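The following pair of complexes shares a single chain, chain A, combined with chain B in the former and chain C in the latter.
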Partner chain A sequence: MVGVALAVAAVATLAAMVSGVVLSARRRVVWVGLLTALCAAAGGVAAVGMLAGGATVTASFPDLFPLGGVGIEFDALSAIFVLATAVVALPAAIYGIGYSAHGPSSRPVQAAWPLLVWSVMMVPAAGNVTGLIAFWELMALSSLVLVLAEHHHNPEARTAAQWYAAMTHLSLLSIVLALAVLSSNAGGDSFAAIRADSGHIGPTAATVVFLLSLVGFGAKAGVVPLHVWLPRAHPEAPSHVSALMSGAMVALGVYGLVRVGWDLLGGGPTWWGAVVLAIGLVSAMFGILHALLSSDLKRLLAYSTTENMGLVFIGVGAAGLFAASGNRPLAAVALAASMLLVVNHAAFKALLFLGAGSILTATGTRDLDRLGGLGRRMPVTAATFAIGSLAIAALPPLNGFVSEWLLLQSLVHSLPSDAAVVAVAMPVAVAVVALTGGLAAATFVKAFGTAFLAMPRTVEADQAHESPRTMRIGLIALAAACVALALAPTALAAPLQRVSLAVRGLDDGRPIHTNGVYLQLSGIEAGLSPLLLATGLGVMMVAALAVVRRGRIRRTVRDIPAWGCGRTVQTARMEYTATSFAEPLQRVFDDVLHPDIDIDVDHHTESRHYIQAIRYRMHIRDGFEHRLYLPLLAVVRRWGDGARRIQNGSIHRYLAYSLITLIVVLVVSR
Partner chain B sequence: MSPTGVVVAVVQVILTVAVAPLLVGMMRLIRARLEGRVGAPLRQPWRDLRKLLGKERMVSANTSIVFSLAPLVLLASATLVAGMVPFLSTTSALDQVGDLFAVVYLLLLGTVFLSLAGLDAGTAFGGMGASREMTIAAIAEPTVLVAIFALSVSTGSSNLGTIVADTLAHPARAASPASMLAFSALAVVTIAETGRIPVDNPSTHLELTMIHEAMILEYSGPDLALAELAAHVRLVVFLGLLANLFFPWGIATTAQPLHLVAAAGAVAVKLVVLAAVIAVVEVFIAKVRLFRVPELLAASFVLAFLAVTVSFFLA
Partner chain C sequence: MLKALRKIVRTGRVTEAAPLDAGPRPSSLPGAADQLRGSVQIRQVDAGSCNGCEAEFAAAFGPVYDVERFGVRLVASPRHADALVVTGPVTRNMSVPLIKTFEATPGPKLVIALGDCARDCGVFAGGDGVAGSVADVVPVDLEIPGCPPAPDDIVAALRRVVGR
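Then we have the complex of A and B:
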């Protein structure tokens, strides 16, 4: 069944691409959407079949591609990432029908979209080095086309695409190098051959492979300091594409790291885990601080992706640390927490990006400071965005909380007898996870509160209206996915166990088991029942409502003016904006962020005591971009300028170069 | 989930809700007496709530459903936690439903909803309160979770019932350095999260200095009653947690009625002592500036961090 589903996905993709090129603009959008949804659904069926206990599917197409051909090896680790992709891609494809109708409907964009969905699903399914690299590059190129989709009326998209192209190829380069070292060591190109040989690989070669794959896959995951493309490229792509890129594509960085570091190489020394953990800690803090201070909604979501990938890296790094210090059951719990976070993140981040897309379609802006009052104008978007916000802030009883809880449990239960680095790293990790949790709550209170509540701040926001039906279906489906993942994590216990069994370096019995509606962990006395928590909250709310309703007077007086301390008119200009909401936290973290703040005060011409206008501008520079990338780019540019002195366009000089080269060649080869 | 466990949970919820306004009344009375005033009687908060419940609801223009939902979620999260925390007995049915982490995140859920409600009316005061409340909640979070970490190192579990039972079994642990440090860290956070002086002034009348009061400025009638009651219950929950996690003596390990009555007496004494200490201290200190609060919370974080390190290296 799994193999058939994968074949259906491939055929659906081909059909979608053909219809994207052949059909007329109006039909094209519908057919591409439906066929892409079919592709995603087929991938989802394959993943569910695999996680429900299917045997690993292998296939080989040696003539499909030069070098080693394309091999397929679809196991539980592949399946959990394909599942995450399907959770995003199916609703996003339906949503894309309505979204593209008024926007990106050109042929290249409509043909690249199904290709991106398919290649994101096929990267984890690849079973040899050549196949992985082929799908990886297919994914990179199709997403690049989609980032450029709206470059006609959005010049920002061009710079974003340049950054994206550069970083994604840096990523490809280091992955190719890492895998080349691996396969040349193993004398074979298939993952099975590499695994069989992993006992013979020397420590130096293993370290080189690990570091190269950390750079390559880390760049795709958007972790610090390789994140610079992410907050540029994700906001510029069409929203359903952003959803797939942020929800599923970046997670493949985690997939690659786990596959190469802990499956193919079978794990390594303690410092591997420590490095991954450290990167995760910095990324989580960095991502959430920038998300907190962004007032561009899609940029905020992109930075929050860096944060969430940081949290996943914390889980993977902790798993590596525990495994290296011999605490395998705990390593399995940490890995299960990361994998659950990958799936949860796919659901809620895609939901939020689609919600941001609906806002963008309705108002034409992504700037939170220009929105407001959308809750009553776009009720479906508001309700689903609220679910996504609560989920991403890791609040119970939604799905984000379950993975956050698992992650905290795995970090807290390291034993004093574990390695010293564990004893130092774990309290720091818990503190960072806690602080990112708190800041994420503040960030999404800001995002939801300023976009959907209170009064509209601009005419565009005032005239907003709910999105078309296909877009609403996409939103509702993802919100339902968040709720389902929250209330039925017990159903995920067995699949997560299969995932941890599939990773050689971290495998251990049963990380999570279920006891009725309770979720329990192996070797840890702690339980959680999200279903009962939700029920408890519901019962308490009904009880509170009953008390209120018993009051003697049941009249509700609506539309009274808000309390204003004596002033008579309330305007939207008096509201707190997203920027002012985040201001106290910006002050707290002033020393870390160094914001550039400009305040221009215009005085009246008659007297300096009367102020005409005040302009406040705040810009937060990305510290890594400023201190690391810009100097690097300057060096490259200076090199280029130097090279120009040799290449000045004079034919005489080129003839001289040829002559000199000829002489050198003759002398050397004599 | 045993039937007796369910009974214990329900009794805890009912007792907490009944006692919470009285405890607040007591704190106000102590404060009034120390300031040389007669003060309102002990049950004044209950009278206020009853009066408010009898009034008509007034909902300001611009608000959405979030405004009406927030007091319900706030009260529901606080009361659910009151059922989960081991106040009377370690055998509460809700003990396995969620551990200490779940308790912390449930309380954060209430904070988030109240902040959203603060933003909903579109006034500057509501937004200001919401922004400040989320700032404090966010930077208090690391202290809380690291303190929980310190508590769970020695017991090997973050389950409330387990931690309490373990401290009962090993009384020396209550006096260990890790436990003391964690207690002081959580005490600072309790002050901050329940909006007491020096972080927030619950009896302020000046909008610009408000945090909690600014968020509920738009509420009136039954909605205000719910928000007020929820704030009282949260105070009891925080104080009760602080009392029973570190000084669990008197708590019942069974669900026998006689033991439960004794445990209720014990926890009442502990709550009264803690509340009285807070009320007395509040008379003598002033509220600090908002931007000094992070320093206070950073200090509490250091204490919590030390607690973990100590429990790791002395274990």
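Then we have the complex of A and C:
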């Protein structure tokens, strides 16, 4: 069944691409959306079939591609990532029908979209080095086309695409090198052969492979310091594309790291885990701080992706640390936590990106400081965005809470007998996870509050209207997915166990037990029942409402406006903006962020004691971009200028170059 | 530290001794003291005063007159208040905020007009920016005369309201 579903996905993708090229603009959008949804659904069926207990599917297409051909190996680790992709892509494809009708409906864009969905699903399904690289590059190129989708009326998209192209190819280069070293040392191209031979890979080669793949997959995951493309490319791509990129594509960085570092190489020394953990800690803090201070909604979401990938890296790194120090049960819990976070993150981040897309189509802006009051004008978007915000802030009873709880449990329960680095790293990790949780709550209070509550700050926000039906369906489906994942994570207990069994370097029977409603961790005295928690919260809310209602009947109630210190008029200019809401926290982190603040004061012409206007400008630079990338780019530019001296346009000189080349070739091949 | 302690010891109590009887309860407030049961929370509204009444009112809450020992407290929001103390003639700019403050105060509530201006606009009567006395804008329950009223008059009036 799994194999058939994968074949259906491939056929649906092909059909979607063909219809994207040949049909007329209006029908193209609908058919591409429906067929892409079919592709995603087929992928979802394959993933569920696999996780429910299917046997690993392998296939080989040796003639499809030079070198090793394309091999397929679809196991539980692949399936959990394909599941995350399907959770995002199915609603996003339906949402894309309504979204593209008003915007990116050109042929290349419509043909690239199904290709991206399919390649994101096929990367984890690849079973050999050539296949992985082929799908990886397919994914990179199709997403690049989609980032450029709106470049006609948005010049920002071009710079974003340049950054994205450079970073994604740095990633590819590094992965190709890593996998080339790996397969040449292991004497085989297919993953099965590498696994069988991994014992013979020397420690130096293993370290080289690990570090190269950490750079390659880390760049895709958007972890610090390779995150620079994320806050540029995600805002510029069409929103359903950013949902897939941020929810699913970025997670493939984690997939690659786990697959290569722990499954194929079989794990390594303690410092591997420590490095991954450290990258995760820095990314989580850095991402959420910048998310907190962004007033561009999609940029905020992109930085929050860096944060969440940081959290996933913390889980993976902790799993590596525990496994290396011999604590296999805890390693399995940490891995299960990060895999659950991948699936949850896919659901809520895609939901939030689709919500941001609805706001963008309704108002034409992503700037939170120009929104406001959308709650009454866009009720469905507001309700679903609220669910997504609660989930991403890791508040019970939604799904983000469950994975963050699991992650914290695995970090807290390190044993005193574990290595010294574990004893030092874990308390720091717990503190960082707790701090990011708090800052994430502040970030999404800001995002939801300034966009949806209070009074509209601009005419555009005032005239906003709810999105078309297909977009609403996408939003509601993802919100439902968040709620389902929140109420029944127990359903994922058995699949997560299969995932940890599939990862060779970390496998240990059962990370999580369940008896239907209760999650019980193995080896740890800790349990959680999300369903009972949600029921309890629901009962308490109903009881509180009932008490208030009864009070209403007995007492007389006056309806009077909110107390505003007696002011007679209230305008949108008096409201908290996103920037002002985040200002106190920005002050706290001034020493880390070094914001550039300019205050210009214009005095009145008649007296310096009267002020005519004050202009306040704050810009927060991405520290890594400023200190690492810009100097690097300057060096490259200087080299480029040097090369210009060689290529100066003189035909005589070019002829001389040809002559010299000819002589050199003749001498060499004499 | 020692210096402060020495100062405290040397100064002793500055608060005026409380008179035994605060005088008769005003007839305009029949059940106020019973409802308030020895405690009243006050929000003060400056509706256009010259700030003379504010100075005396503030003095009533200072260490010398200390009206807080009789259960009278100032609060920051009308939402927390039992009574509004309004000073000054009500100016045109302050009449709407005064009405809003009155509406924002939960019932049962009292309005106390403090000073001659609050009672009948005083020297500002007929002024261009003056909307009228406090009673012209919101219903007044108690008036404290004086320009400005002395702190012990304010204390006595508030004691009659609170019933202590």
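Some observations on this one:
Quick note on the criterion: the second predicted complex is superposed on the first by the 642 of 670 C-alpha atoms of A that agree within 3 Å, B and C clash if a C-alpha of one lies under 4 Å from a C-alpha of the other, contacts with A are read in each partner's own complex, and residues count from 1 in each chain.
As a convention for this text, a residue touches a chain if its C-beta (ideal position, glycine included) is under 8 Å from a C-beta of that chain, and two chains touch if they have at least 3 such contacts.
Model, not experiment: these values are computed from the prediction.
When the two structures are aligned on the shared chain, A:583 is found in touch with chain B, with no touch to chain C. When chain B and chain C are set side by side, the one touching more residues of chain A is B. When both complexes are overlaid on chain A, the residue A:557 reaches chain B alone and has no touch with chain C. When the two complexes are overlaid on their common chain A, residue A:445 makes contact with chain B while staying clear of chain C.
Contacts of A:566 after superposition: chain C is touched, whereas chain B is not reached. Contacts of A:388 after superposition: neither chain B nor chain C is touched. Put simply, chain A uses residues 558, 560-561, 563-565 to touch chain B in one complex and chain C in the other.
Interface residues of chain A, counted against chain C in their complex, comprise 558, 560-561, 563-568.
Residues of chain A that touch chain B in their complex: 372-373, 375-376, 382, 386, 390, 393-396, 401, 404-405, 408-409, 411-413, 416, 423, 426-427, 430-435, 437-439, 441-442, 445-446, 448-450, 452-455, 518, 524-529, 532-533, 536-538, 540-541, 543-545, 547-548, 550-565, 570, 572, 574-576, 580-585, 587-588.
Chain contact summary for the complex, chain C toward chain A: residues 77-79, 96-98, 100-101, 103-104, 107. On the side of chain B, the complex with chain A involves touching residues 13, 53-66, 71-73, 75-77, 79-80, 83, 94, 96-99, 101-102, 105-106, 108-109, 111-112, 115-116, 119-128, 130-132, 134-135, 137-142, 144-146, 148-149, 152-153, 156-159, 162, 207, 217-218, 221-223, 225-226, 290-291, 294, 301, 305, 308-309, 311-313, 315.
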